[in-house]
Structure formats: structure tokens, C-alpha cells
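In what follows, chain A forms one complex with chain B and a second complex with chain C.
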Partner chain A sequence: MNDEAAVDKNKIYDEGIEKGAEKLTPEIIQNVYRKMVDAEGGARLKTYVETCVSCGLCSEACHFYLSNDKDPRFSPAGKVKQTMAVLMKKKGRVSVDFMKRASEIASTECNLCKRCAMYCPFGLDVAYVMLFVRRLCHKLGISPQYIQDTAHSHSVTYNQMWVKEDEWVDSLQWQEEEAQEEIEGLRIPIEKEGADFMYSVIGPEPKFRAQLIYQAAVIFNAAGLNWTMPATPGWDNSDMAMYTGDNEIMARTKRLHFETAMRLKVKRIVMGECGHAFRSIYDMGNRALGWRMPPVEVTHSIEFFYELLKAGKIKIAQKYQPTVTIHDPCNVIRGRGLHEMLRYVVHAICENVEEMHPNREHNFCCAAGGGVINCGPPWKMKRVDGNKVKAQQLFDAKSRGAETCVAPCHNCHGGLEDIIHHNEIGMDLKFLGDIIYEVMEKPESVL
Partner chain B sequence: MHAIYNFVSGPLAWVAFILFFGGILYQLISRAIMAKKKDAFIYEYWSFYHAFRSILHWIFPFASTNSRNRPVLSVVTFIFHICIFVAPIFLFAHITLINEAFNVSWWFLPDGVADIMTLLVIGACIFFLIRRLTQPDVKFLSNAWDYVLLALVAAPFVTGYWAYHQWPGNQLVTILHMLSAEILLAIIPFTKLNHMFLFFFTRGYMGSEFGAVRFARDW
Partner chain C sequence: MDISNSWDWNAGKKEIAQFGNWPASFDWVEEPYASPDGEKIAAVVKTGEMEFSVCVNGTAWENTFDKVWYLRFAPDGRLTGIVSDTGQWTMAVDGVAWEEQFDYLWDTQFTKDGQTIVCAVQQGMQYLIASNGALWETKFANIGHSAVSLDGSRTAASVQTESFNEGEIFKFQEGCYSVAVDGKVWDRNFINAWRLAFSPDSQKVAAEVRVNLYEYTIAVDGQAWDTTYPIIWEPCFHPSDGSVFAPAKADGGWTMIRDGKPCWNGRYAQVWHQMFSPDGNRLAAIVAPKYGKWTMAIDDTPWSRTFDGFVTDACFSPDSSRVACIGVNDKRYQVCVDGQAWSEGYDMVWAPVFSPDSQHVAAKVEKDGKYTVVVDGQKLKESYTMVWDPVFSPDSQYLLLKALEGSGSDTVYTRTVLPLKDILG
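Right, the complex of A and B next:
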């Protein structure tokens, strides 16, 4: 079985890459490469690629490297060596097959989790280089098909999942009605101007995980908060265009998101439990728009729950009993340093906590983030097999009694779910909101 | 032999030092301009406090997680980098030459200490070579140039040790010593050895971004 998978791994067919590559010639590649490097390849790119002394100190930072029997091709510097270093050395004179492989490496073998930047003595940012390669692939039209489809969705609908405007409002009202059966008079306030905050979620929430909106509404209701959700496009904070390197769509999507918050005259945006969306709003999208920091204050759920619990706005009826372990999502931990707040929240709502090791900034990635899970079914097993270290971490936590893994990020959920299932780890996976909803006092509950 | 000696110790030395200092200036200024044009946010996010915090964590052994994970390599690289700077700059013979030429001098190391430091550098280079050849990931990452660079770094120390101990052919070796050191100085700014000065900027920027924007540690 394992051998078969290993053989199959080398034969993954991705329609987006293959069909796109049919239209390419080495001349086109060189032309596009030169234009892109002239316009965007600056001091960082040059320094990151040329100053690497190939010491190999980044290798063991990477879950792909560790999980693939320390195959050097998966070391962060190795990925640069196989892609950008060659492109720069040959000034873009590479074959179509080379670019196909480069697209595969940049999009499916790196989660852009930046763990390696913490292991490189020089602080070279391989994630940045891989994103540069992805952007080149985007310009060449050889991004993997599934993630390209989500980028198209952003372009057309301003959300990731082709959710139409009426479907969106409908989903909110549906969840409101559902919640009203539990809590009388509960509202999901839509288009409420001047509310304290706009709650924004990612496209997959109304599409697949609508109960999360329900739970958030119950929590905000119990805390007596003045909040709102927009009825118009701009409600979605997610961003797969960021991960295909389609910076133009990224910027357009983020601008609408910020403008929607401004239109509603809210004091800040509070986001659901998603990591990459936070990266898009707090790190990359705002930069692309020329904002040093987001023009509207942005608070991630972890921090928001921390505020609510600390201020006593949510009361815990009885703490969650099964032992939990904590998965630290890269984009809000290495991306925003929320690890201690995450622990405060988890300890406030759970009775027993068993840490995974390593943890906090040093935690291993879920292997789903950075758009890798969005590259879809063709790449699934490569992703799951590419994260045996995470499986080991989870097994280890389980052996110390952990029955539930808390992961406050959608992509992490997707990735961990596959890892738990494939390796038969037998562990529950929950968002903070799942647990808070379960253990909190619901004063107006009619059930 | 005298003519070659004079050429290598005179004009060629000037060329080497001009390329070294000029090259550093060129690399820093050109990168600063390029960054202003294409990576403007580097200036926005740069924070001296967080940059130094990160640099300090990465300059001393065992201050970063990765350094603690690899105690032997950490110690070897730390000693190597100290010796490669201190030994040539504070060597009595070098200071004497400079004193003869420019009438300036400074504190110098006892010869025995400099001798040991030279051996440490050579030993570290051998360690790096073996590591490069035997550790699969490092071997994969290395190309021919990495080995050449390592040899170029080791050469002035091997020849210097040879010349100091007056082993056979030391006249020729002295010339090779100067020549190899000049080649090394001249190429530092233009090869990956430029991490000698770029380190402070790459690490500093990562420290700034992690510290001031991401509120996370990067060590």
C-alpha cells in the first residue's frame, strides 16, 4: 500500500498545470520571467537566493523533509535550489517541464508556514521565495487547477466558494432561525451600521460549516455584544488568490473587505477561526494595498475570545472534560503571536490540557495551509504522507491522554482531519468556538 | 620572486582592499536602492530593537532553538567565525607590515594563540567539508562553487600557518598566502560570503517582522 502510494506520488496529474503548460514555450517562460523579475524581484529575492550558504540548517524545520525520510529535495533550501536558484542563474531560460515541476514544488510541497525562517541563521524567508515562484506560475497559467478555481471564485464573486449574494444572506438567516429555536430572540444582525464590530468568516463557513456561524451568534449573543455581518460581497475574509500569487485579485478582494467594514462604520473587524485569512488581512493583503497595518483594526477569534473570557463576558458552566491538546496554526502564531492568548482561552474552557511538542512558534504545520489543501484531491495523499511528524505529535499527545485536538484554523482542521483519519489516530478535532458553545452558560436558552 | 612578492604585497593588495570595501559599499547601496523601489515595506517594518534582539539570539551559540539542537556545529561555527576575524586582524606579523607601511599599529595576539586560532579555522573548514560531503541534505544543496569557496576560505590560513612555521618553500607559500587572502577579500562582497555583512540585514529584517509585526520570536 505504502509502496503504491510512493509510486503514485510521482505520477500526480494536475489538469491546471498540464493544460496550462501545453500553451507554454521556453521563450514565453523567459519573457514572463524577465518582466516579472524586473518589476518585482527586488533586494529581498536576490539576497534570499544568493546569500544562502547551503548549510542545511533549515532542513529539519520542514515537516515535508522530516516526513519524507529526510529526502533533501524537501528541505526548504532544496526547494529554492530546484526552483528560483535555477531560474535566476539561467535568467529564466528553462524548459516547460522545469516550470511544471517548479509549480508542483512551490504549490504542493511548501505550506509557506515560515517555520524555516526560524531555523535559518540568516533569517532567509523561503516562503517568500516560494510565493514568488507561485506568482510566476500564476502569470504563466500553470497554477494547480483546484486552487486556481478558488482564485477565479474570488475574482468573480469576492468569495472563495462561488457563494451567490442571496445564498449568503439566506445562510445567515437560516442559521439565525436555527439558533432561535435554541435561544429565543437571538439575532444575527445584518448590515447594522455603527456596530462595534463586523464579524467576517471564510467562504467555506456558509458553504460547509454553517454551524460555526450559529455558534458564533450564540456566543456573541450571550456576551451581549453589538455586532453585525454584511449582506454584500466583502463578507468573506479568505484569500486563495494570495496563495496562487495573484496579487491583483488579492488586493481587490481585501480592499472590498476593508471597504465593507468602513461602509458599516464598525470599530473593527473580528474574524472567525481562520489562519490564512488573517495572513491575508494582517500581513499580505494590506501590504499589497499599501497599508503598513490594516486600515481597519482586525482581531482574530483567539484574541477576541481571550478578551471575552478575561472580561467575564462569557461564563463557563462546566469546563470541557476530555483532555485536549493544542495545535498552533502558523498564521496566527508565527504570524501574530497569539500563542499565549490561545493557551489562556483553552485553559479557561478545558479542564485538562496536554501540550504537543514542539509547540507555540515552533509547532509543526498542518501541511494543509498555504493553499496546499486547496490544490485539491490530486495532491491529498502527498500532503497527508508529507506530514508524518504531525501524526507523531498527535499520537504522542494521545499517549499522554489527549482525546481532543483544538485547532483554531480552518485549513489546519482540514489537514489534521485527514492526518487523524489516515493514520487512525482516533482524536476529536474542535474549534475554540465548538468548545465555548458547548461549555458556556447560555442565559436565554429556551431548550 | 622578489618582483612577484612586491607586486602581490603592493598593488594587488590595494586592488583587493578596494574591491573588498568598495564591493561592500556597492552591495549595500545598490540593495538599499533596490529595496526602496521594490520592497518598500522593509523600511516600514524595520525596527532596530527587534533587529538587534534577533541578531543577538543568532550570533551566540545556544541562544536559538536550532543552535541548541546542534551543539557541535554551533560551537564549531562560533569558534570559526571568531577566529577568522580575530586571527588575521590581531596577528603580530600583519600589524608589523602595516606599521612599516603606514606607521600605525594596535594590540596583537601572542603568536602561540594566533597559531592555535589558525589551526581552529583549518579544523573547522575540514569539519565543514566533511559535513558537506556526508550529510545528505547538505550534500544535495552544495554545488561545486560551495567547495571552491570553502577552499578559498581555508587557503590563507593553511598557507599562513605554513609560512609562519617556515616549512620548505615558505617563500613561495608566503606569496600564495598573500595571493589567496587577496582573492578571498576581493570575492567576499560578490559571493555568498557576503553574508559577512548581509547577515545583519536579513536577520535584522526577519527579527523586525517577527518582533514588531508578528509579535513572535524568531529564534
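Right, the complex of A and C next:
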């Protein structure tokens, strides 16, 4: 495939890519490529790219491929062949237009969901290759604008939403006061050293979804747990730097997150319902720093709710009545294997459950994950149209009676919300915490 | 002079407060804090509808507030809390609020002698530092990484110096941040400025900076090192010669950099939390000699004992000869001194402390929800509802134990001075 053939004539304008590319030349691209490819790619990258025999088994695994009339350019192998394979063949000597298109493919046409890796007979990890392309784009300064802005936010504030230090604490105190109206004596204990749990969330929670902090506080209080939230940066577990390939900012934010937990002398980090953040603190961020596993135990909300329900620490007053279907978030299902715990929780809190098909580790991605939704408005419709297969899954579940979709992941929520709205599916979307809060036995007082 | 010289070091136990009775007097009682000398125990208490105060040894402050949070004792024993009244915030010290009021206040820091209390302040959506209530003359669009000099005379922070809107990535990449010292900004902007360090004489400030999206280095008083690195961690000053040290990733791995040049030969999977011995002759850091293996390196020589989880809370002995830290394997916390881990593991261990004569090490530990203190690997016979960090007497002969004993309404806060010989036998 030559450079010119790789250029999409109907490209979307993204200032981060276009303006960033103005300073590039083929020589600059090649220099950066040469410095990176051996130092950071090595045998793993070469194996993934060169082992592919174009068997096509990955194609049917990819929602972008299936949703774009099976256009081979959207197949996982096709994405590699349009990007890294050319770069390797040409030893990095590619045009500026080629790299702009490579940035678009890697950042907006692949959710790094790893579904394709399950179906590849060799287990080739296309997500790794796409992340490598993203890192190259980061090094060349041509990451999409909106996600680059988010990485900048991480670098300054250690959270993804430019939330300032006082705004964070103020949000916690505001939610605590609100919740005290409902439950006497409820606390969100800030900076409580020696608590058993540190609850960590992602930037959008204090910014747009503060009710989730409120609900978590109700659950922690009702369960009688010894918990805390930090007053300092380090409270945010999210990580868009991981998805731009800015591994250095990823490492910086994860170091602070874990060192905040160590400073507070907690035994466990319980994290909110976010998938990509789990990937960052359970896999990529910790390992970038030299920790083979998370230095402080990390528990995703799915597993945490499972523990609470199983141990009877929270009790259900009356199960949620509308029929629900379950969306399995890639990073905690394929990435961590929490699908049966998720089902235990959903069945414990909901009366009627109608499975989506395929499900569990075979479920399709929401098309928002992997930082794709964070590439912002320019790419929204490409993302929504790139997941007709998910729309179909939702329609099918609805036709079998599902009225509510449970999705225990922030990015999934964003992506599914757009799909439901655009396709006029007419389905409610909820976090586990939303439903648990709604159906649990809530004490009037915890004094 | 060591503050602890004036404390009561007579051996024996004192019952300070019937802490278990407090809930009967207030709507609720939050987690307690013990004073450095152990003579006081305090907690935020709710005294009425939207009315909070602080209870000290059973008596509440006369003043009440809409909110009290971040209750902490200063090293000199004064009790501080961030308080709000009719939507304005300030610092209360021993129950008396500063005259100055702010739109918000947080990040309380103390100097070692406790005489200076520093906070970050938001006033009219602008940000600055308050030192003992006195504000910088300049305000900024954002602030972070505040630091106070050892003598308390100066403060510094990373500040936003140029305005930009969310999404203006290329404006951001021109450099919109710098460091302000006493409110006066360095001459140069950076992409980022993080974690600041004052020189021991309070005259210089060093910070981690990012000079473009990919190059990191250290800037001292606004002057960046000539050498840049793909990633770097926080700087520290040598105790006496003015040179600056920081861990950075150089060719072949992480190492220690001094004034822009590698000063350790070793290359590690990680290096951070470097610290000088009190005499300035030794430099230690937490290191990963191999991926996933953690220990201490002193002057570039790692201990042979490593931990798979992590290492934290390292400290030098006062005579500079010894190093202690916490090492963690599979959620089992151990104290490790001079490369030898104490045999017993715990659910949690707090920062170890050396005795003034450097002969002994003590740490607060938790196991199965009960707390106690371990000295030189020897656990106290009893465990408690709560203990606070142990303190050695200035002559290293005694240990101060601050503890909550009993449960429910029978919970008593006690202060006990234990002869070390009774603990160690």
C-alpha cells in the first residue's frame, strides 16, 4: 500500500493533527521513528506486525469493520497494514499526509478493546500496535486535539478535567452535605489516614457526575466501612496520557495516585465504575513505573459491589423492576475477567435480566473506549456510525424486553448514550451504583 | 533545641481523656488526633445543626464553625483546623481563627518547628499562598506544589502565568507555567513545573520542569539544567554545598543526576525519594534494581534484600550511619533496617523512627484491626484500639506511647512513657 492510497479524501479536520503536522517533514518523521522503533518496539512489535498472515479472522471481531460495511480498511489487520506495516517497510520514510492518516486510524478507528486478539490464531495484539502508532504520533506532535488537551490536564492537575485542587475538595464537601440531608451523620471522610479503603474516581465525577460520589458515599456508609478520599491531587485514577502514548505523563499521574494511597496508609484502592482507569492502574501505569502489580491492591467497583452483596453488607429493599441488559466493558471484562461477578451483582439488584448477545468477554466494545470518545466532537459521528453493531445489540435486547442498559464504565456510558440517542433506541442507561443506590436499604442515620 | 526536651519523660501512664464519653456530648465525633507530646487528644465534633467545633481532652473550643476539616497538630503542639463561617474560610489555631478570611483554603503545611503555617488560598477564583495568614501580593490563575523553606521565611509554588482556554493545546505547549517564590515569578515559563525544593539556607528553589512535550529537567531559580531527560523526578538540595540532585532516566535506565550530570554508575528500573543523611555525606534512594524488585540504595549500592511489592517511608538515623524503611511483599508490611527485615509482617506499618542515639528503631503497626508499637523488632505486649507514631525521649532511654485503650464508651486515651529496657528486656 503506498502513501497516497492511505489518505482518506473525506477526512475530518482536527486541529491537533493538522496544525501539529505543519512542522513535520519526512525527515523529521523518519528520525523520530528510528529513535523509537528499536528502543521501544523491538521484537514484540516486529512479531505482531510481521506474523500476520492476513487470514481475516480478526475482521469479524471488530465493530468498526462490521459497522462500516465490512470495509477491509477498518479490519484490525487492515489498520496495521495501513500504519505500522508501511512504517516498518519504509523504515519510517513516509509522508506527512501518511502520518496524519495514521494518527486518525490509531486514535479514532481503534478502541484498543482487544476483542480481535481473542480471535487471532496467533494471538497478535493489534491494540499494542495501535498504541505504538499513537505514541509515535505523540512524539511527532500530531495527537488529536481534544485528547491531547486532556493529557495536558493530567500533566498540570493530575486529573483529566482541569479540576483545580480547591474545586475537588469543595465538591466532596458539597456532596457530603447533600447526602447528610438524606442520611444523618453520613460522612465523606477526607484525608483519614489508616482507613481500610481509599475511594478513587475519574475527573468527570466531580465535574459532571457528582451524584456518583454521593451514591458511593451512601453505599460506603450503609456498609459501615472505614474509608477515605484524598484532599490532594492523586484522587483521579483516569489516564488519557496512556491513550495518547505519553507514557511519561501516564507514569507521573499513576505514581501520584499510588503514593497518595500509600501516604494515607490504606490497604486497598476501590475505584469507581471506570474501565480505562482500571487498565491504567492495574496494568499499564503501574508497570511503566516498575511495579509488576499494583503496589496497593486495586478493586474495581464491580468486584467491590460483589463483595458487599455477597457478604450481606448492603441489603436490597426491592429489586430494580425494569428489565435490564448488561454491557460488558472491555477493560474489566476481557482485561480482568469480572464478567461473572458483574452478573452476580446485576442479578442481585435487578428482577429481570435480558442478556445482550454476544456477551461476557465476547461482548462488543462501546466504541468510546481507548480514548476514542476523548478525541472529541470532530470524531463523534464517525464513532457512533462505527458501532452500528452495538446499536443492533441494544435493539435486539430491547426487542426481548430490555428497558435499561447497565454499563459499569464511564466511557461506555458516553459511547452508549450517543448510540442510543442517535439510533433512537429509547433505552435508559445506568451505572451499577445508580441502581444499587435506588434499591438498597438505606439507613436514616449512621450515627 | 529539640521540642521534645520540654516534655514529661517520667516513666508511667497517664489517663488523659475519657474519649469514649465524647459521643454522648456531641452529635458526632470524628477521628481523633494526638498532640506530639501526647498530652492532648482532639477531634472535630458536631455541636448542633450545621455547627461544628473541636473537642480537646473533653472540652470543646468556645468558637463554633459551619465546618471544620483537616484537623492537625503542628509540631509545636498548636492545634489547627480549616474552618468556615458564613461561606468564608480561614485557619483556626487553638480555637482562634485567623483574622483573614478566604474563599477557600487548603493544603496545610508546617515548618519543622511548627512556627509557620502555610496554606494554599483561593480568593475570587485567583490563587496564592498564605503564610501565618499573610498573603502573597500576586495572585495566579492556578497554583500547585506549594513548598515552605526550612526556616519558614519563604514560600513557593508552581503557578499558571499565561491564560489559555481548554482545548488550546498549542498555546499550552508554548509554556504557561512557572514557579513563584514569595509571589514573584521566575523569568521563564515552562510547559509544566512540579515538586519544588528549597535549599537548606532558604535562598534557592529547584523544581522539576518540562521544557517541551518530551524533555524534562531541573530548573534552579528559573535556570534550567543544560541536560534534559525523557523523564525526571523531584529535586533535592545537598545539605551544605548547594548542588541539586534528582533521579532521571538516562541511557540504560534510571540513575541519580547531580547538577545535570549522572553521579551514580548504577542503572535501575526505578529511582525515587532520594534523601541525604543528616551529615550530608550519604545519599540514599528507593530503587528497583530489577523490574518488580524494590529496595534501598545507599550511595548507589542497593541492599541485597528486595521486596516484590514496594518500599516506602525511608529515613536516615540521626548519626547518618543507618537507614530504615518499610518493605512490602504481597500485602505483608515489614520494617527493614540496614537491609535486614524484621521477621514479623503486619497488615500496615507506619513510618519507622530512629532514637536520637541512632541505636533503636520503632514503628506503629496494625494487625487484625489492632494497633501496637514495635521496637527493634520487639512488639509491645499489648495491642490497642489505636496508637499514634511512637516518640523516643531525647536521651533514647524511653518511648512515648500514645494510645486509645478499651472500646465503646470505655475508651480511654492514655499517654505512657515506657523505659526502653522494659520493652527490649
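Following the convention adopted for this analysis, the second predicted complex is superposed on the first by the 434 of 447 C-alpha atoms of A that agree within 3 Å, B and C clash if a C-alpha of one lies under 4 Å from a C-alpha of the other, contacts with A are read in each partner's own complex, and residues count from 1 in each chain.
Note that contacts are C-beta pairs under 8 Å (C-beta built on N, C-alpha and C of every residue); 3 or more make two chains touch, one makes a residue touch a chain.
These numbers come from a predicted model, not from an experiment.
Q: Just checking: does A:D283 make contact with chain B only, chain C only, both, or neither of them? Give me first, second, both or neither.
A: first
Q: Taking the superposition on A as described, I'd like to know which of chain B and chain C A:L124 touches: first, second, both or neither.
A: Touch partner of A:L124: chain B, not chain C.
Q: Which partner does A:Q148 contact after superposing on A: first (chain B), second (chain C), both, neither?
A: second
Q: Between chain B (first) and chain C (second), which, if any, makes contact with A:E297: first, second, both or neither?
A: A:E297 sits against chain C, while chain B stays out of touch.
Q: With the two structures laid over each other on chain A, which partner does A:G426 touch: chain B (first), chain C (second), both, or neither?
A: neither
Q: Touch test for A:S75: chain B only (first), chain C only (second), both, or neither?
A: In the superposition, A:S75 touches chain B alone.
Q: With the touch criterion stated at the top, can you tell me which chain A residues are shared between the chain B interface and the chain C interface?
A: Shared contact residues on chain A: 292.
Q: For chain C, which residues count as touching chain A in their complex?
A: 27-28, 30-31, 67, 69-70, 104, 106-107, 120, 122, 127, 142-144, 160, 166-170, 172-173, 177, 191-192, 194, 210, 213-214, 216, 230-231, 269-270, 272, 288, 291-292, 294, 308-310, 312, 328, 331, 347-348, 350, 366
Q: Report the residues of chain B in contact with chain A in the complex, numbered from low to high.
A: 31-32, 34-35, 37-39, 41-42, 44-45, 54, 58, 64-67, 69-70, 73, 135-143, 146, 192, 194-195, 198-199, 201-207, 210, 213-219
Q: So in the complex, which bits of chain A are touching chain C?
A: 15-16, 19-20, 138-139, 141, 145-146, 148-149, 152-153, 155-157, 162, 164-166, 169-170, 173, 185, 187, 189-192, 194, 231-233, 246, 248, 251-252, 255, 258-259, 262, 265, 267, 289-293, 295, 297, 447
Q: Name, in rising order, each residue of chain A that touches chain B in their complex.
A: 39-44, 46-48, 50-57, 59-61, 65, 70, 72-73, 75, 77-78, 81, 117-119, 121-125, 283, 287, 292, 333-337, 339, 358, 361-362
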